[in-house]
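Presented sequentially are two complexes of chain A, the first with chain B as partner and the second with chain C.
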Partner chain A sequence: MTAMEMSAGAAKRRGAGGWRWSGRIFLLLLLGFTVMPMIWMFITSLKTGFAAMQYPPQWWPAEPTLENYWRLIDPSGNVGRDFIQYFWNSIWVSTLTTILAVVVAVPAAYAFSRFRFPGRNFLFFAVLLRNMFPAVVFLVPLFILMKALGLVNTHGSLILTYLTFGLPLAIWLLKGFYDNIPVQLEQAARIDGATRFQAFLLIVMPLSTPGIIATSIYSFIGAWNEYIYAYTFLTRHDQMTLPVGIQRFFSENATDWPGLMAATFMMSIPVVVLFLVLQRYFVRALTEGAVKH
Partner chain B sequence: MHTNTGRRLLGLSMAVLSAATMLTTATTASYAQSVDLSKWSPEYVKSIAGTKQFDAAKDCGAVVPNDYTGSVSYWYTGPFEADPQIAHDQDKAFWEAFKAAYPNITTEVQSITYNELLDKFRTSLLGNSAPAVIRLQILGGVEFAAKGYLQPLKPEDIGLTAADFWPGALKSVTYEGVTYGLPTNNETMALIWNAKVFKDAGLDPENPPATWDDVVAYSKTIHEKLGIPGYGLVAKQNAGNTPFRFMPQLWAYGGGALDEASAEPGYKDVWINNEGSKKALQAAYQMYAVDKSVPTSALTNTQGENQAPFIAGKLGMMIAHPAEYAKMNDLASKATGTDKTVADEVVANMRYGLIPTGPDGKRAVVFGGSNIHVVKPEFVQGGKVDEQAVKALICFWDSPEWSTKLAWVGSNPGNVNGFLTDAMKERLDTIKFLDVTTSMLPNGIPFPVIPQAPEIMNIIVPDMLQNALTGSMTVDQAVEDAATKVKAIVDGGGGI
Partner chain C sequence: MAQVILKDVVKNYGDVYAVNHVSLTVEDGEFVALVGPSGCGKTTTLNLVAGLIPMSGGTVSIGDRDVTDLDPKDRDIAMVFQNYALYPQKSVYKNLAFPLQMRKLPKEEIDKRVQAAAKTLDIVHLLERKPRELSGGQQQRVALGRALVREPRAFLMDEPLSNLDAKLRVQMRSEIKRFHQDLNATIIYVTHDQLEAVTMSDKMAVMNGGFLQQYDSPANVFANPVNMFVASFVGSPAMSLVPLTAASKDGRVVLTGPEGWEMPLSDANGRKALSAKSSKVVLGGRHSTIKVHKSQVPGSVPGKVYTVEPTGDVTFAQVFVSGAVVNVSVAPTFQLRPDEPVFLEFDQDRMHLFDGETEMALRLQ
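Up next is the complex of A and B:
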């Protein structure tokens, strides 16, 4: 190897190293950009009402307190009682929405993936069409529909509404996943005597677990965070979900910032836990669904 | 079939009977008129407080018997997490007292946040799931009265007379000559300043600027001497805080949106492009664009953004709600350690003064507060309104005692007899500056009582400010542009 070639190689390595470091710095900045609001949210939740209003702000509270969290989980107080109720309402609505979305989306996506029938492409497009409009466009029509069905002020109105948003995405995600499972596996099972349903249940379902989990996470997060429909359809306190319920930290002339931040932090815990526990499947689902074998 | 028809007839008869009862009830709870609004001053307010005893249970019992059995649903903005503890205590005490006075009336009560209440009410009306009774911000009711959702409700229905309320407050619930609600509480804002900032800038720390021209000068001085904003201008678009803080300035200079500041407003004449309005806008322009003595973020500020700098001594003065001091006191009482020392110092430096006058000595402020309304049965959950239970609740809420206690920290009794109560005396003794904010009440001007008022006040007025302050229009152009828009919607070209 000539000296010139060695020098060129070193320059190339230096260049690659430079790019690598630039990438790391960029990622670090990106991480800071996304994590900082959460850190600030947590720090504010440890402050007293007065400390939260200091200007310039206290980066770490002089007198940190967990009082705001105790208020939220103490069922003997008004705040705790309501917060726990909102929390369970959110869990109930999000879980039921997720289960129903998966139960409907799995066979629907499978049918779109495996069967050839007249109008298949049109139907698939029609399913996706719903998600091409902003959610607020459907607010009034859905309210009128829910009113006609007698579902205003019930969790049923939210679950049905969230399904109309979540299902198209779930079907689309799962279809991509089923498309990547070789049909020969099912054919082999059929040759071995399995019915189509057994082949689906015993061969396709286990292989599509990551896709189902990813779909569930999407559905759950969508329902968990939804605000505008819950705000419109529910007026009763005992029915409210967390995104609407935490409005109580705002009053006419003031905001309880530490209480609001503590409630928001608590609200983010289930989603974070869900994501951490299932992220392995989630990443697999995204990558496998993205590549055609 | 016959049974159903019979039931319908019976129901109809009962509804007619109860409505008739509501309209013809003898005014047995009427209070002797002992508050003279023409004498209003801080001294007068203090002199009458604690001079008369009232018994809400007994007085309302004369309107609706205390053993009446019925039910009522009610929505209001009660105390929430950010409100001082005493507001929670008084709210709790009210419901216990009502239960004791009317043990057989069941209540279905929902406290909904200030920002959500109007939207939720609109939704519930569309879904025929509204409450029988609702308390709304002062001009919230006119929209619903205009749309036919509210029942007429006048003072006599609960044993009171018009003299028991501020005339401006009753005006705010009167639409096309019919009274659609009763005032529960009324308040006016005041000028709040930081005495330490004034002192450091070489200004008199104990006296506020007397006129709006002084505000411009003081703001400039503070900015030049200390390098911080002097006056907390608020000019955000589509935000209620903007007109609440700018209209007093506009009125003081002799301006107005319509003729709401005149003695007999007809809400037809457009004043927003008169000389007074131009002068007020020019003063705001001077502070923002020329002197640069107000927060640079004023164009996107609601009042919330001014609170932290004010508390930290980084803002000299602002228009503030009476609750501001009580809120700060509450925060200081809950602070600990070093925070407590700083908080106590902030409270010690807070001062309240009258809103400045215009060049001709005219002092004006937005007449704020809330009103209580009764919804028509067809829009209520279940399709029925128990008129007697409704009257019992409203009578109790608007009694001198409870009208005062429920407005403890941030407002004043809607029933002016509340100023005679022991509770009022206790408030005056314990809430610093209450006499100042209370004495602004006679200067209160309600926003135009027309359904288009929210659009005029929350959209057109802030837009006018923004157009002038950003320099996209001259002051003259901005007021003319606003006048054209106001005229268009008043003449029927817009509105809610």
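Up next is the complex of A and C:
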């Protein structure tokens, strides 16, 4: 190698290093952009109502307090009693939506992935069609439908509605996972003595675990965060889910910012926990080698 | 082990016939290769024998049982797949044990058989590993082990060597052959590689376009191909085919090229040529039966060298004769240059003649 080539190589390395650093700075900026609101949410939740309104703002509260959180989880107070109720409502609606979505989506996605039947493409398109419209388009029709079914002011109306969003996405996601599982694995199992169903249960299902987990997370978060339908279909206080329920921190006269922030912080905990617990399986399962391609 | 009989087997998707009325018998303990180009229906045929796809017509029997309507699990067969299809979430041990667990064998029996199979295939040290931690050759052995552990009536193998590198492929080829001899196993083996079929099988079934073209021992298929497809598919390099015209001249039959040259045929070949439906006759010759001359000798035909490929032991060359490519081989000391005019002498006793209309081999009646 000549000296010139060597210096050219060094320049190239330096150049690559420069790119790496600018990449890191960009990521750091992006991280700040996404994390800052959450940090600010947490800081505000530790303030008193007075401190929250001060100008210039306190970057860290002079007298941090957990009072806002105690209020939320104290079942003897008004706020606490309602908040706990909303919380359970949300857990119940989101969990049931997720379970139903997965139970229906797993066989549906498997069928779309493995079988060739008349109308298959049309049906798959029809499944996705629902997700091509903004949610609000269906608000009034669905409300009329729910009213006719006598489901207004029940959690059933929300679960059914969330399934119409969650299910197509779940089917679509899971189909992708099944498409990537070689059909020969099932064929091998069937020759090895399994029925078609056993082959699915013992071989394919375990391999699609990451897909099922990803699908569950998506559908849970979708249901957990949903606001507009919950706001429209439910009028009774004891039925409300968290996104609607925490509206009560806004009032005509003043907004209880620290209370609101504490509630939203609490609301984000289940989702974060879900992600942290499941991501381990998620990553492990994704890196599992299946067959030689 | 058992006999496998396919009778008039059909698989069609609408008007497309993937397998078109195929009948063949695999004798007990025989190694049969299903061979043909991609899309010829060989893998579909194997899947029909396995019961993985429903048949459109015909019957399959294994041993003395008609299995046409049975599920794969009830056919008592084992299969080795091209991508091995090892269960990725299971250890090698559990992969081998799976077929036995499905048949609800007692635990001690399963362990005994898994250990025995592992020992046969020299994979005992790999039993606790996951498939992804194995090399291609090791995965291949595990796949064989999973087939072998159950002592099935027949083994089906779908291009089991095509994912291996060239060196390993040659090694595994002899191991599978050994496996067949030791177990006296009935094996149906799908491959697109005619060399694998020729070297490994007792009989080869050559398929094309869903039809079974020829079913015979490799030696017979090589020596007496029934039609132009089989002739050009089996052998490496392939048999060369030159379309010509047959005519009678002075009491002898001659083949004439479009440029006007004539090649007299022996009496036997002359009678074959005249039995063609029309005067169109295709001359076929393998490289080993064609002599190359630098100057015209009686009975030789003119050609022009296209490419020269020395391989060390022997030099292959492609020669244009009347627009067709003819593969020839010469000693490495014989100098040939591209574009050089040469004369080819076909061995009258070992040349092949085909009907230009039907593409079938012309035989003496």
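Basically, the second predicted complex is superposed on the first by the 279 of 293 C-alpha atoms of A that agree within 3 Å, B and C clash if a C-alpha of one lies under 4 Å from a C-alpha of the other, contacts with A are read in each partner's own complex, and residues count from 1 in each chain.
By our rule, contacts are C-beta pairs under 8 Å (C-beta built on N, C-alpha and C of every residue); 3 or more make two chains touch, one makes a residue touch a chain.
Predicted, not measured: the structure shown is a model, and the values here were computed from it.
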First (chain B), second (chain C), both or neither touched by A:184: second
First (chain B), second (chain C), both or neither touched by A:195: second
Touched partner set for A:55, first chain B, second chain C, both or neither: first
Partner chain(s) touched by A:206 [first = chain B, second = chain C, both, neither]: second
Partner chain in contact with A:63 - chain B first, chain C second, else both or neither: first
First, second, both or neither for A:250, with chain B first and chain C second: first
First, second, both or neither for A:226, with chain B first and chain C second: neither
Partner touching more residues of chain A, whether chain B or chain C: B
Residue numbers on chain C that touch chain A, as the complex places them: 47, 50, 52, 71-73, 75, 77-79, 81-89, 98-99, 102-103, 131-132, 136, 139, 146, 150, 163
List of chain B residues in touch with chain A within their complex: 77, 79-83, 88, 110-116, 119-120, 123-124, 126-129, 303-304, 307-309, 311-312, 314, 321, 323-324, 327, 330-332, 334-339, 342-343, 410
Residue ranges of chain A in contact with chain B within the complex: 48-51, 53-56, 62-63, 65, 78-79, 143, 147, 152-153, 231-233, 235-237, 247-256, 259-260
Residues of chain A defined as touching chain C within the complex: 182, 184-185, 187-196, 198, 203, 206-207, 288-293
